[in-house]
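In the two complexes below, chain A is the common chain; its partner is chain B in one and chain C in the other.
Up next is the complex of A and B:
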């Protein structure tokens, strides 16, 4: 019996190993692209982070020391962290609440879903135009404020700029996250809720004890996607305010963009390596937390 | 088992797709590689190019109206001006023989000037002029013909009556064949074809009434140019030609070909070839050959490889010799020149060595230098890339990023025109090559204006040399401007002047908000950075406040307000060089801050001072600093693959030859060229007559609201030796370059514009600029 079981086990392992190789062949085309266009160039970035720009001479940790003593880098890094810390929880909670409410909407559900997705369908150029119309000093928002007797606010050249950017990011990405949450919600069997209700659980209890635990596997994916999407907000900020926006919305991408204009490839490479390391660490932490769950 | 087989099949298919993809890619690459090699092998050895040479003109030739190579090989020119003459050369311009003094041959009064003339293929000349004119009437239009043997006769053409109160005015004439002259009358759409001897009206062309800016003839066709396009008439049939789309498209491809910008030259010139139906034409992009009805226009010479692309060159006429060489009459810096293009089979069609020059913005001085350099150095092909063409919304930052990508990829330019570029960053990173050898060589051989040219020296190395510079000066009452020390006192003085005279239109000359900020930035930008490298917010507050004050002190007419409030413009003309002669002379303006960038500019300022008692000029009052604006800063890329060619070109740009041509790009740093610019030749003659002193005469007439006609005439005179010496001393005292970084300039300009026009307060403007500039400086 033991012999048969052992033989079966070996066969299963061989079978699994074979299937893994088959899977590898399937991912090979995209993996080749990732290696050619991301990993290999990134290795070059790592190399450049230890060298001088034009001569290519080895510079040790000089570039890393330079960026950590550079106030623009610290400002941009601080803003990026602040933006992420403020936006990601807001977006995750807001989209989850919207998804739960939408799931219960039988009649208007599909219409509201489309409405939530509308901002994603609007081209960035149009969004930027909208921003300019809304938030310019002589713009629509100040027009409305002045109607109520309030003083006009220079939205994009004051601390309000950060709030505008956060609002824009959430407005644009809420629909996407709602859809992801809805996918997660649809995977929770209705029978669990019914059983809980029979046992006397209320809506809140059901949400806390059934919905949240069952959505945890989705949380990792949604959090990582939202985190990565948060970097795209630079497009809007750049198109509205150019290379030098208000300091509260001066992000890492602004800095990299400007460093490239100045041919500061050495600093840019060091900054990119640090940035990538931080992102990788965060993603791994999230993955670990998810695996524990 | 079935699932497993399916899996294997899928895996094999996936692998096959991947292999096919990779294999396919490799295959395509190989094919392209082979093709590229064969093209390179074929194109690399192409030989033959039209080479340019200059033919010396007879002495004192002021203008060439027409040239013609006659059947017997004689080269005939009609030299216009105060004394029009016909000259012949039997040896292709080596010597000239005076054939006819036109005025004498036609028995004209000495004060009559021949307006224009054309030479017929048989050598006869048809000319026109006006007699008995007055201020309000141009006079009677007269025509004459000088026959090949030199005898002359008057011709009375039968032209229709014109309704113009000035009388009949000829727009242009041109031979279409021997004996037949085509004429365009101003105010009439039709062309009149006349017998050049009897004046008989042979035909009326352009019955459709196509508007004409100018016309050219050649290859049996008449080409009518106007801003909307080109109309081609076949003068054999009299109707529009439908079969010449190729030449039409070529001519219309460059919008600059379509409209006249001068009364003595044309954007396009044409002539017939030696065979029937062959047309030769030229524009600033090159020489072309076209066979009537053909589908292709052949560019036989690239304008970039000869003088045709020189911004200072304008085309006047052309003719083709029996041997196929092409003669062209042009004006270069307002002097006539005769050029010959001869095909040389032994020269490569495209020079072997390419030197790439990069400039952020269009730069006429560089274009001029490239053209001159290539004419003198046929082995080099100098290509010019302009980062911001002005035709697309590319910003300075966008252009710099693209440039940096090229530099990092090893495909960057060899020569950099560093205006607007991050100079300090480039020097620090080793982007620029040390060109101290060139600097020292020119310094020792002829001399450079060292206090200007040497500003980019670091530890004995020279990374860039400003080839030109401008000097910001303040013009106004001598006593008043003498008391002004800085921007603050300029503002308070302006306020005092306004308090003393509430009626005067302008205290300080202001073109508009854009130019006000632009001119002041040139003079005051060095003060914007504190010693620690951060922004001096106190100074910046003063800058914004004073600009606003100066702008608001003027009384703008209601219809002018919108224009004056403009904060962004894309003028091709540099208004910082403009002298408000009328405002200063008539004292409707009390002060003007402007940039001096040419001898003519200095002459205008000294003429204003000479004409207006008490008015004088001084360097812009910037405290202890004596500020200048470096421009056309040349540098060589450390990664240049053509270092020798690049250095040759930079050396040429700083040479007396290249620097002596000034198209309002600034004073040259080459001392000999600077002397030439500051009238050394004229002043060396000693005492100049009144006529000799006049450089330019300008004037304007306008009617005031009360219906009175006003007139203002102004003569720009050569300054005296003392005035030139005084200005040279001012140049020698210059010690502070203005900031040339485009990013900083844009950051200040944006907010300054808003502040001047009252959109934001000075404090708000300063807050935004400080925040942004400090980020920029911290990067």
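Up next is the complex of A and C:
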């Protein structure tokens, strides 16, 4: 009896294992494309990053040394890091505050939420016109500021351009992050708050001791998605300021576009590898920190 | 009192978010004289500042007519945008839906590392893929053509990630019972996976419509022939001298996106929220 049952168990297990392989068939078309269009060409880029363009000979780290002594690369890398470090915490905190406040608005809540998402739908190209009129020397923003006696600023052609870009990013992504935080907030059981209130905890105390710790698991995903979206500000920067914007908003993508125009395959390949490595490390690092939670 | 103040703050924030739409609609209805006068400080540097109103002085359809009659290149680009977006979305459906299903519902070897790989690829910005895309497109002779923009985008792993989350949420019991009734894997996928995961599929479509309607980097790099350009590259070419045309074409670019946004809003929210859930 026992032998039959065991044999039967083995059969269903083997049967199951056979079925599980079918999953790969579903994935295969996509995987083939990913390998052919992304992975293999990227391996080629890695190979190129270690070779000389003209002779095709192995060049060691020469291409990497070239980009790391290239002032445009350092400028773009610095700006990108600065942008990430300034924007992401600002966006995360701002959207969390908005989400917490929004959650209490029973009547207008869902209407306001959709309004916050609207910038996601507005094509960058359509915003450009407003941005140009808003931030020009004789633009609307300076007009408003002049009421308060401030001197006009040429927003796009001074260090303020960085601020404009930060504003664009937050404007565009606030709604997206609010939705993400709301999803996290809705997972916190109301009973915990009630228990805390019975014990005499105030609103701020509830926020710090209940809301924040319970939202930590969402933080990883929200941070990663915000990071992903931060690469897209190049679109605004490019459309408003063109190929050669003010140096404070000269991003990686501007640099790559210029390299592409010059057909500097050596710099592009080394640059792509460095970029990919940094992003890979960041994602894995965040993931590990997250799994420890 | 404090609550009223906070609500006011939230409403103000919403107004800032939506203002560009109102701004464009107003500007598109202004006649050329009014636009010229209002934009003077920026265009001619005539001193003072651009002043704006909530409503045009003499609303007119003149700009719309002008766009309709005098700018044939606009229609070409509009059509290009439609072709590119539709091509990408159709391809992503065809390739991405089964992939998400396979990753979400089967336990084959290397499933987990594969999924991690997909997430990592989804994070890579265009600058990382620029050269490798160029090499592939060059080898396939697809540079300067629409398929050259569509094909790499079809294998984007972002839609797989979104749909994966939804397929993962289908209760195992439903699938088990169908299998006991003798349904094959394809049957289960078609008759259970697709209907129950439809929300995820629509979410991915809405999110990606907004993304590809906005496509800038790829066409800018890979399309030299301006007649192939999408709308997103038309507007910066117009310039403020033709402000009327610029406003109207901004509005026309905006309309499909807002339309999709309003129709698919619930799915959009679900799609965004799905990625926040910890597995």
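Rule of thumb we're sticking to: the second predicted complex is superposed on the first by the 251 of 293 C-alpha atoms of A that agree within 3 Å, B and C clash if a C-alpha of one lies under 4 Å from a C-alpha of the other, contacts with A are read in each partner's own complex, and residues count from 1 in each chain.
Assume a residue touches a chain if its C-beta (ideal position, glycine included) is under 8 Å from a C-beta of that chain, and two chains touch if they have at least 3 such contacts.
Keep in mind that this is a model prediction, so the values were computed, not measured.
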Looking at A:62 after the superposition, I want to know if it touches chain B, chain C, both of them or none. Which is it: first, second, both, neither?
neither
Determine, for the superposed model, which of the two partners chain B and chain C contacts more residues of chain A.
C
Touching A:133 in the superposition: chain B (first), chain C (second), both, neither?
second
Between chain B (first) and chain C (second), which, if any, makes contact with A:262: first, second, both or neither?
first
Please indicate which partner A:70 is in contact with in the superposed arrangement: first for chain B, second for chain C, both, or neither.
first
After superposition on the shared chain, which partner residues are touched by A:54: those of chain B (first), chain C (second), both, or neither?
first
Contact-wise, after the overlay, does A:244 reach chain B, chain C, both or neither (first, second, both, neither)?
first
If we overlay the two complexes on their shared chain A, which of chain B and chain C does A:154 touch? Say first, second, both or neither.
first
State whether A:22 touches chain B only (first), chain C only (second), both chains, or neither.
both
Can you list the residues of chain A that touch chain B in one structure and chain C in the other?
19, 21-22, 25-26, 28-29, 137-138, 242, 255, 257, 260, 265
Chain C partner contacts - residues on chain A that touch it in the complex
19-31, 33-34, 36-38, 41-42, 44-45, 48, 98, 101-102, 105, 108, 112-130, 132-133, 136-140, 142-143, 146, 152, 171, 174-176, 179-184, 217-218, 221-222, 224-225, 227-228, 231, 234-235, 238-239, 242, 252-253, 255-257, 260, 265, 268-269, 271-272, 275-276, 279-280, 283
As the complex stands, chain A meets chain B at residues 15, 19, 21-22, 25-26, 28-29, 32, 52-55, 70-72, 75, 137-138, 154, 157, 242-244, 246-247, 250, 255, 257-265
Where on chain B does chain A make contact in their complex?
4, 7-8, 10-11, 14-15, 17-18, 21, 397, 400-401, 404, 407-408, 422, 425-426, 429-431, 638-639, 743, 747, 759-760, 764, 767-768, 771-772, 775-776, 778-779
Quick one: which bits of chain C touch chain A in the complex? Just the residue numbers, please.
6-7, 9-11, 13-21, 23-24, 27, 39, 41-42, 45-52, 94-96, 98-99, 101-103, 105-108, 111, 114, 117-136, 151-152, 154-155, 157, 160, 185, 189, 210, 213-214, 216-217, 220-221, 231-236, 240, 246-247, 250-251, 253-254, 257-258, 260-261, 265, 268-269, 272-273, 275-278
